[in-house]
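Structures follow.
The two complexes that follow have chain A in common; it is paired with chain B in the first and with chain C in the second.
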Partner chain A sequence: MATDKVKHLDCVLESHKIRKEQALLDKHTAKRGEIKEALEAKYTNTLYAPFNSGSLAKNTAVNTKFDIDLMAPFKRNAFGSSGTLEDMYENVYKFLYDKYHGKEAVVRRQKVSIGLEFYADADGHVVKIDVVPGRELNQGEYLNDKRLNLYVYEQFGRFEKGADHLRSNIHAQVKHIRDRAEAERDSVRKIIRLLKVWKIGKGSGPKSFFLELITIKAFDSKTITGDIWEKLKTVLEYIRDNAKTVSLPDPGNSGNDVADTMTDSEKSWLSSDMDTMLTNIAASDDMIKSYFRINEKHPCPEEKQENRYGVKREGASNPPANRFG
Partner chain B sequence: MPGVTLIDPFKDDEDMLTGHVVIDVHGVQLPFLVEIKACYPFHFHGSDSISFINKDLISYDHVMENGGICIHTLHCPVMEQKLQLDIDGLKQWIGDYYVGHVTSAHYEHIVVQYGQFNETEFHYLFTDVDYTFNKCDFGFIDLAFLAQGRHSEKAINTFLISEFKAKGKNAKCKWSEYYQVSKTGIGLYIYIETPPVTNKRFIVKNWIELEAYVNPAFMRFLYEASKKINKEISLPIPLLIGYKIPGDEIHWQCAAINAADFPIYGEKVPGTKNYTSRFCDEEITWLQTKNCSYRYFFGRGTLAKKITNGKTLIIGIGAIGSTLASTLVRGGCTDITLADYDIKEPENVCRAEYSFVTGVNGKVDDLGKALYDISPFLWIRTFEGFTDYIKHYINGGQQNKDFQEILDQFDLIIDCSADNDMAFILDSLELKTRVINLSVTNRARELVCVTNPNLYKWLTEIYALFQQDDQDLYNPTGCWNPTFKATHNDIAVMVHHAVKQINHSFETNKPPGNFYLRAEAAENINITLHKF
Partner chain C sequence: MNLTCKDIGLRLEVENTLLEQLYNTGMKHYPNEFGGLLTGHYSEDMKTCHITGTLLPQKYKSSRYYFERGREGLLEKLEKLYHAEPRSIYVGEWHTHPDGEKGPSDTDKQAMQTISDHEEVTISCPVLLILATSPRGYTPGFYVNFKNKLYEYE
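Presenting the complex of A and B:
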């Protein structure tokens, strides 16, 4: 029997709920608090209050990747009157590296953030937190305009390595996504979370912020109704048809286009990925299971039932023996 | 023919016709000796079989040492038309280079007439070194004999330059260790910075002419070397002479020295008891050299840098894995680890990259040797017990972390083992490194390529799409282990197609993704790619 796509997607969303990983979430929250305190202690007079800016803050997180970003907003003169964004980035990197690397975590430079991946604890839990250093545009203005500049360590999209990036109001970005996700829990929020499941399953893809904004843009541009599969399909079609040309104004600074975080080739691949996925699901409903995978740690009740009684699920569950090299 | 005046009628001169003409281009008249080979209008060894020769023109670009003008005209089997094309080509050269003084942007090596030593050709291959040569640096070189060949009934000896014994530092040539193992000869070198030429492009012919390019210290070194080197050596002692060429490169030419008879003599310094070394008035025998550095060796085509620059682990080197390994090495990969517990037997040869001549042998050693034979820049590590080891020790705890750490040191892991356990283990380790799994169905009708994450699941899901015939396998008499049916061609065409697709992904910075290729035989053979 063909897969019931609606039922499957509901199960995907259910199995990826944050609360199903409460223990791991608590560890993330605790570690984030610890890093926040460490930053505040180190940069006593030069740092404004660090805040959360990842998916968790935006209410769009899934439990296989918490996507915890900790924004560290620095004062304009935090690294001297002629200090650069690179100075800021490297200073924070060095501090976190010296404090955590090789002791309890691996610390690495990333596109605009510094990634901390803590060693697995006794439960096998791994906490991953990205610290994003940002600097206010002019001395003392942050508290009014909330705008920050980020440093681009590694080229992404159209942003060259070493470039100043964003000049954006991160608070406004978070609020924009969170407000839409909360107001439209059955549509915008669910579709964003499904796209994150797709991206995590694929192991690569656009930045979460891009996916969030293009989903919202799809809902604003088209009449999207029906069941969860119909809504998802319409958004996938929208991305397929518009990824290469869409403009995604940054809610924190309308002068920025978040579409620029991807190169033309990457946009083209995204469009092509959507096309491939839609074609394969149209050819076989079962393919939806490959693109939007259930978190097997938290299977839905029916799946558990099947497993408990050893009922063989449709299709093969292992690769065949007659595979050759 | 307009613009062409016959001066001496053509006559039959052994196997060619020769005659003299004057070519007129817009009032500029130039005489040429014309030589036409018997095979005209066809080419001879890839070159035109007609020559236009004027020795007075050798200082111009695209003129050979005998005064022959380099023209390369189009193929034409009709003699009259071909002759017209060749005359037009000559006129074009006169217009561009004699009248117009056009300078070619493309650098061409200086012209050298290569000779032989004791009726044998000698070729010396050199590559890059981590050393900056200064003008008049000189010293010894170590040589490694590579192979003896034959061409046109002449023996050819090929040597590698292994090491320059530079002042205070030995500069090892960047061949892989496999090619550094044995020193089989010595030579000398001097870096003179500018090419030793007359008429801008023609290498000097006499040792005396070389004296202007070297200093007294080198002459003393040469004298001391003549005393030190065993005079019984029957091979030439190569004197490499280096000079700068465009692109911040050094090119080396090689003058042959007879160990028993160095081309030098002592000349008394007037008014002293001292002697100074001078070159003899003797013709130089130039032997052939070739810049064989990585960029030239792979100059005609390499795979994406993201593949060639990294460390690659290939697990399983049967038909797919060995074909893949060979393709990667020919594509410019230099750091490959081979993992396979299996042994190569005669029946493996027909469709994998193994040879009968090496007999029964461990696959990793056998293929490793075959790959070393391809590239002098290759570093291979072998790991026969890899799959046994990982299956034995994997435990979900610290050991997994160790495996992760080891495997993440590779930049690319390609599993061609068709071992479902390995696919499961590699997927469950959640490596940061890209893992690609390649396998085929019977008759290599489909080739499946899946990558992490979720590699194992994709493998299951894609194979579930195929209708496979379990009965139609190759099961030779007395064998308990049937295998798939497919020719080398069946497999190689699919592997090459897959490598092309994967390479394209790396070149365009896109993850390779999951796909299968299907070869369908209808009126024609069609290979289609199905993406996921």
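Presenting the complex of A and C:
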């Protein structure tokens, strides 16, 4: 029997709910708090209050990858009047490396963040936190304009290693996504979460922020109605048709184009991925299962058609004596 | 007789001649309750239970309001059926409610859960047949214990 695409997608979303991994989430939250306190203690007078960004803050998270980011906003002169963004990044990296690396976590440099992956605990849980150092544009202005410069350690998209920086209001970025996701829970939020499931299953793909913004752009550009599959299909078609040319203004700085976080080749691959996916699902409904996978750790309740008489083991039964009324 | 448990999608098949046989057996003990085991087999897709026979207890106690089934001698008969060709297995229980209703009592529900949970019972969804009997005839009620709850077939 062909897969019921709506039922399957509903199950994908249900199985990826954050609350199904509450214990792991609690550990992430606790560790994030610990890192925040350590940064505040180390950079007492040069750091504004660190805050949460990432998909958890934006209410678009899935439980197979929490995507917990901790923004660390530094004062303009935190690393000397002539201190560079690289100085900031390397200073924070060294602090976190010395404190955690080889002791309880692996600490590594990433595109604009510093990744901390803690060793598995007794439950097999692995906590991953990304710390994103940022620096205010002008001394003392952060509390008013919320704008930060980030250091680009590793080239991504059109941003070259070390040679450029991102300038944005991260608070505005988070608020933009969160507000849309919460206002349109059955459309924008569900589609973003499905695209994240697709990306995690694939093992690579655009940055989450790109997927979030292009989904919102699709909803703003087209009339998207129907059931969850019809909505998803329309967004996939939009990405297929527009990934190579779309402009995605950064809600934190309209001068930034988030589409620039991908190279032209990466955009072509994304368009091609969408085309292949749509073609394959049109040919066979069952293909949706390979692109949007249920989190097998939290399967959906058994459906009627899946119910069976159960056999515990082979062999004759020896039913106990019993009293009936 | 073909029945379906709509809540969970499981089916059940039983011949009317077997029901007649059970009624006649029950009436030999009227106005007291009586009962025994149900035997049969499952379909290949494990969605249908075919009830094909009964095994009666050697020892039992009963009154107008209860029936206690003993287990003596039943295992040997069940093993014989299991190794026969075609194979039959234990699929559940039946008993009468003389001049009563076909619905299960709390004692019946508890008994079926005990059977489901029992380590020497190799099936997990035993069927319960209650025959509401009187000299005028009988009304059967079929139920299955599925995931710790008793569901009725229609």
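FYI, the second predicted complex is superposed on the first by the 301 of 325 C-alpha atoms of A that agree within 3 Å, B and C clash if a C-alpha of one lies under 4 Å from a C-alpha of the other, contacts with A are read in each partner's own complex, and residues count from 1 in each chain.
Keep in mind that, in the parts below, a contact is a pair of C-beta atoms (placed from the backbone, for glycine too) under 8 Å apart; a residue touches a chain by one contact, two chains touch by 3 or more.
Owing to the predicted nature of the structure, the values given are computational and were not obtained by experimental measurement.
By the touch criterion stated above, A:103 is placed in contact with neither chain B nor chain C. Residue contacts after overlaying the shared chain place A:280 against chain B, while chain C stays out of touching range. Once the two complexes are overlaid on the shared chain, A:265 sits against chain B while remaining clear of chain C. Judged by the touch definition given at the top, the superposed model places A:19 against neither chain B nor chain C. Shared-chain residue A:324: touches chain B and chain C both. Of the two partner chains placed by the overlay, only chain B lies in contact with A:290; chain C stays clear of it. Of the two partner chains placed around the shared chain by superposition, chain B is the only one that A:201 touches, whereas chain C remains out of contact. Residues 315-325 of chain A lie at the contact with chain B in one complex and at the contact with chain C in the other. Considering their complex, residues 304-305, 307-325 of chain A touch chain C. Across the complex, chain C meets chain A through its residues 7-10, 33, 35, 37, 42, 45-47, 49, 65-71, 74-75, 78-79, 81-82, 89-90, 93, 95, 105-108, 111, 114-115, 118, 120-126, 144, 146. Listing the residues of chain B that touch chain A in their complex gives 316, 318-321, 401, 416-420, 423, 438-442, 444, 448, 451-454, 456-461, 463-464, 468, 470, 473, 483-484, 486, 508-511, 531-532.
Contacts from chain A toward chain B in the complex involve residues 120, 200-204, 265-266, 269, 276, 280, 287, 289-290, 293, 315-325.
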